[in-house]
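Both of the next two complexes hold chain A, though its partner changes from chain B to chain C.
Take a look at the complex of A and B:
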């Protein structure tokens, strides 16, 4: 019976009390397997749905299929699971930043179903972000179920994301790097080991059930110095494509929200528009991995104009799908747009310098994918490792690094926050561990309020007040109303020094006459960052905390600094 | 620091009854109400180890133009200062976060369903999640405004029941109202309940605060509940029994909430007693 009672509290097991890391490793295996299975479930569902709908794609009315899928997806999210649209990755990062990785249980399946409806019906989106959301929610809820602490929960959220990405791409390093670089934002061994284990578990479950296959196999590339120089131009092109895609996604979102129609109607309109584009350019439909494979394999036999148009069309289709209420992520569209951009660039090179023997077009497609992923996510390592693993193309590692690094830098210069983080940064909600904003967000006024002040009444004589000064360790004296005890103002010793040395005033002055009534006050629910801003702006060292007109205590810069230091030590320690 | 009661305002007659009940509770306890007028039909409450999404029914958003004035009017009539809660953080653009650093929270029996569907004996799943996760006691209000002039604590010997008893002592001390304790002995001997009191060092408080300890040794539990004064604030612990304690309220709790229409102050397993 005791075993049954304690099984939900593994941290109390003697075995794990030796080392918390052992507990996290065990949990990482469980989370990695579960998130890997979730990713596979979505992958299989997409294949099944694609096969089922494939026979309708040549019919003229097939353009409504993406619209129906997006509308159903939107209805499912809005009415059934009552969640907002979107891919969910910012929500995971937000939860990790602010609430120790707490995520709703429903998030572990909601995006899987909604993105399956959107992508399976032909919407231009990817399944990766939904599986990240799902994996992260699985990790969070397993941590919650076993009553793990915040730190351990955050690690398991990272494990879930890593397991999902590793499983869907058969790419353990990319999963691990994505989770640490994008989701957690901190490289610490306490995170890295469990996340690596989860990535291995996710990959293994994928290999067991689907076989160990490279996602995009390709020919041998012989890259010379000229090709590497040419990569500089490709990096710029992919950076531009990343910026265009980011801005178009946001502008489509803005336009769709100006229309006062139900969200499922907007999603249907966006989906139908994608369907119409897809009638002429089928490459824009769905996740588009078949087209990527063809481009990397060198069998995508379209001319420059068509490839360039397809690149733009895919950007527009992705913006229409996701901006108008469809569900899915940007990973797969980035791979398609990146490879199309790479192909366009290769065609341009041949057109400009036909006599030079450039490397195979598949190589540029592959580099374009890395450039776009790195640019959109502003996560160069994820871009590099993902492309190396999903293509097995280690021979392109040098140009890959160049393209990823330049694309990330250019995008960061134009758009300081990545696609995933932009909204969080704008709302001031990106709180990475160890940063000023994060430390301040983990403290609150109630924690650091000092309640040892002596309050005085407004009708008190200066003579009586001097006796209070003698016993008070503080220089601030809040003044309250005699009848209601409401806060009226404050007396600071520096402000009344002149009266103190003039005995004639002792029985002539009451505190109500000399108190400062124009005082900036703090409410117990105010953010400390806001309090500090007020203190800096008015050169204050202490401020009274007042609620419902009642004085509660003082808050001082010295105490804030003291608590800040302690919190920083906690956050940055292993 | 003054205690705060969190209240989600529903701008209709049913919501008025609930707010009146909260106001009455605040006046008795010297707490200040923090009223939230929702702008979206959902919000998140982040507890220490759980996140609960509250999906409100559409009646919470009805007549937004009069919601503030109606709530203000009731609060001012009650002689309380008006403070509305404005969410500062959003998990998604239409999904505000509500912090959980309150001392009490008032809930109708269900906050996710239309008031017309709510009857005695039904406590909604979201209210149950809140009770299960909250560090504060949850005031489940009676269907109509009802003043209380005494306190009744159900004491079943569990850890949560001990917390409920301690809360009863505190409320009795702060309000000066008489406190009655009710225990259904069942298969366990009365001595074991007395032993719990002794082990928890509550003998002194029992003697000081408790007006009468009602012991039910015979009869059906529900029938014995007739003894509970209809003007009592009933305090009890939830989720306190057995292996599945985190999933169900507890059989006694279910019977109490489905039998009596008093205001209930429920203490969950994560409740942290404050002085």
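Take a look at the complex of A and C:
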């Protein structure tokens, strides 16, 4: 009977209590399957929606379709589920670092529906970030259901993200690497094993339901040394494209937010603009996997000028969709822009050196994808493994690594924070494990307050105060009002030492006269980093903690160091 | 082992909030169960050692490990005893005679104490003025296994002791403590009494042991009142 009662608390079973790794692996399978299913559901509904709308595409007013889709999706997010716009990955990263991976249940489906509306109707965005968000939310809620603790929940959030990416791309290693490199930001075996298992589970469910197919299959490439040198140029081109895309997204976001219209109107305007571009260049519409397939297969027969324009158009369309309020990720647009950039580069090479026999254009498209993914996410491993897995092209690994590495480094030089982390860094919300910011955000004033100060009254004579100094363990004496017990000021022994040895003063001075009233105080809910900044600015070693005019205790640098070290040790071990 | 969160925080010497947060974050091998917290003692102490923390679980039978009560002045004086008409012409011979009266120590210890007292006197005189001296060794005696005591010695005739105010000394309080802390404590209390001129006048009447102790108890009561404030 007890087994049935306690099945929701597996962490307290004796079997799992000694070491929770086994428990996490078990949970990882469940989370991987669920998030894999969520990813498949989005994929299937995108295809269904695409087919349903396909027959309307030749009508002249088809350009409003992306507008309607984007408007509906932003209305859904704004009014129905009340969640912020955007792709959701920064929210997941923030939740992992600040709230132990706590995510709302509705996040597990909200982005799926909204991004399905945006992308299915033709908006230029990707389904990957939404499935990452929902996979992460599924992991978080499964952990909550089984009452797991924060550390275990964070691992399951990573499992969810890994399962979703693995399932949608049929790429287990890419899912695992993405989850660890981007979402969690720490490589520890205690995380890696469950995440790898979840990635495998997500991949398996996708293979069972969709068959084991490589997303973008391609021809055999024969890469010469000259091609590898040519990669350097491609890496620079993709880095430039990443920067342009990042800047464009941000400026579009800024422009749209200056317009004082309801959010769904903005989304509709952006969507219609995308639709108009799509009338001339249909390649920009939707997530664009067909175009990527065509480019890698070498069947994308367009001239240099057209490909270059398409590259720019895709950048603009993506910025219009996402910056103006549509819902979706940048993964798929990155792949499209990357392959278009690769194709452009290939055409340029042929134009400049027509006599050299370059490797075919599919290879450059593939390398371009890797360059753009690495540049945007600034996660080189994710770029390399993703491309290797979704193209099945292990023979391109060498130029792939070169392009990824160079593109990441260049982008990092110009934009120090990646697209996902930029917002977080600007708000100071990027709290990777084991960093100073993380330790300070975990500790709070209430934990390091010292309450052994002796408080004194304002009308006490110095003579009586001497007796209190005798028995006090501290050099600080907060002064309170006689009637209200409100905090008035503080006496520091260093400041009054001169009077202490002058007996003539003993009956002539009351504490109200010698206390320091212009004292910086700390509120118990203050951020510790803020408190430390104040201490540094005024060269203080101790500050009184005051709430509601009442003195609560003292906070001192020595105790902060003590607790800081303990926290750091506990956080970074395991 | 099952304890309340307060007991766990106490045995780890950590703030309550930190322990609660670590349990929630899963950083510490403790599980919540009902309204208590369960842990395996061996695993937790191993964990604590690995993280530079101290863990000492509360004892089953709580032994009172309070600080040994500080000796009061009266009881130390009583233990040391009061002696009159100590003979001697100078500091050294008087000290020698005085040490002989200390019946708490055996002869070997007496000799050692005498050497130590002389060493201390050579540093600076312990004659604190008003005809009173408080001879004591510079450091506590090694392998000291005794309770603190003060032996009061009234001299046959006042002697020169190189006191601070150059007045001849007529009474000695030989102060011997096993620890620095109790030494300072008793010394400060004794000094408090001697600062009072009426007490010195009282001493000049060579009071009997009982009267002296009564007077001292009186002073101590004043001091205790001030400390309690």
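Here, the second predicted complex is superposed on the first by the 572 of 574 C-alpha atoms of A that agree within 3 Å, B and C clash if a C-alpha of one lies under 4 Å from a C-alpha of the other, contacts with A are read in each partner's own complex, and residues count from 1 in each chain.
The criterion applied here is as follows: a contact is a pair of C-beta atoms (placed from the backbone, for glycine too) under 8 Å apart; a residue touches a chain by one contact, two chains touch by 3 or more.
Here the structure is a predicted model, which is why all the values come from computation and not from measurement.
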item	value
Contacts of A:82 with chain B and chain C, given as first, second, both or neither	first
Touching partner for A:152 - first (chain B), second (chain C), both, neither	second
Touching partner for A:194 - first (chain B), second (chain C), both, neither	neither
Touching partner for A:444 - first (chain B), second (chain C), both, neither	both
Chain B versus chain C as contact partner of A:524, first or second or both or neither	first
Touched partner set for A:467, first chain B, second chain C, both or neither	second
Which of chain B and chain C A:270 touches, first, second, both or neither	neither
First (chain B), second (chain C), both or neither touched by A:569	second
Contacts of A:103 with chain B and chain C, given as first, second, both or neither	first
Contacts on chain A seen with chain B and repeated with chain C across the two complexes	444, 446
Complex interface listing, chain C residues touching chain A	14-15, 17-18, 21-28, 31, 33, 38, 40, 43, 50-53, 226-227, 229
Chain A - residues contacting chain B, complex	4-5, 82, 84, 86, 91, 94-95, 98-99, 102-104, 106, 144, 147, 427, 429, 444, 446, 449, 524-525, 527, 547-550, 552
Chain A-facing residues of chain B, complex	1-2, 32, 42, 44, 46, 49-51, 53, 55, 81, 83, 88-95, 97, 99, 101, 243
Complex contact set, residues of chain A against chain C	11-12, 17-18, 20, 100, 148-152, 442-444, 446-448, 464, 467-468, 470-471, 563, 565-567, 569-571, 573-574
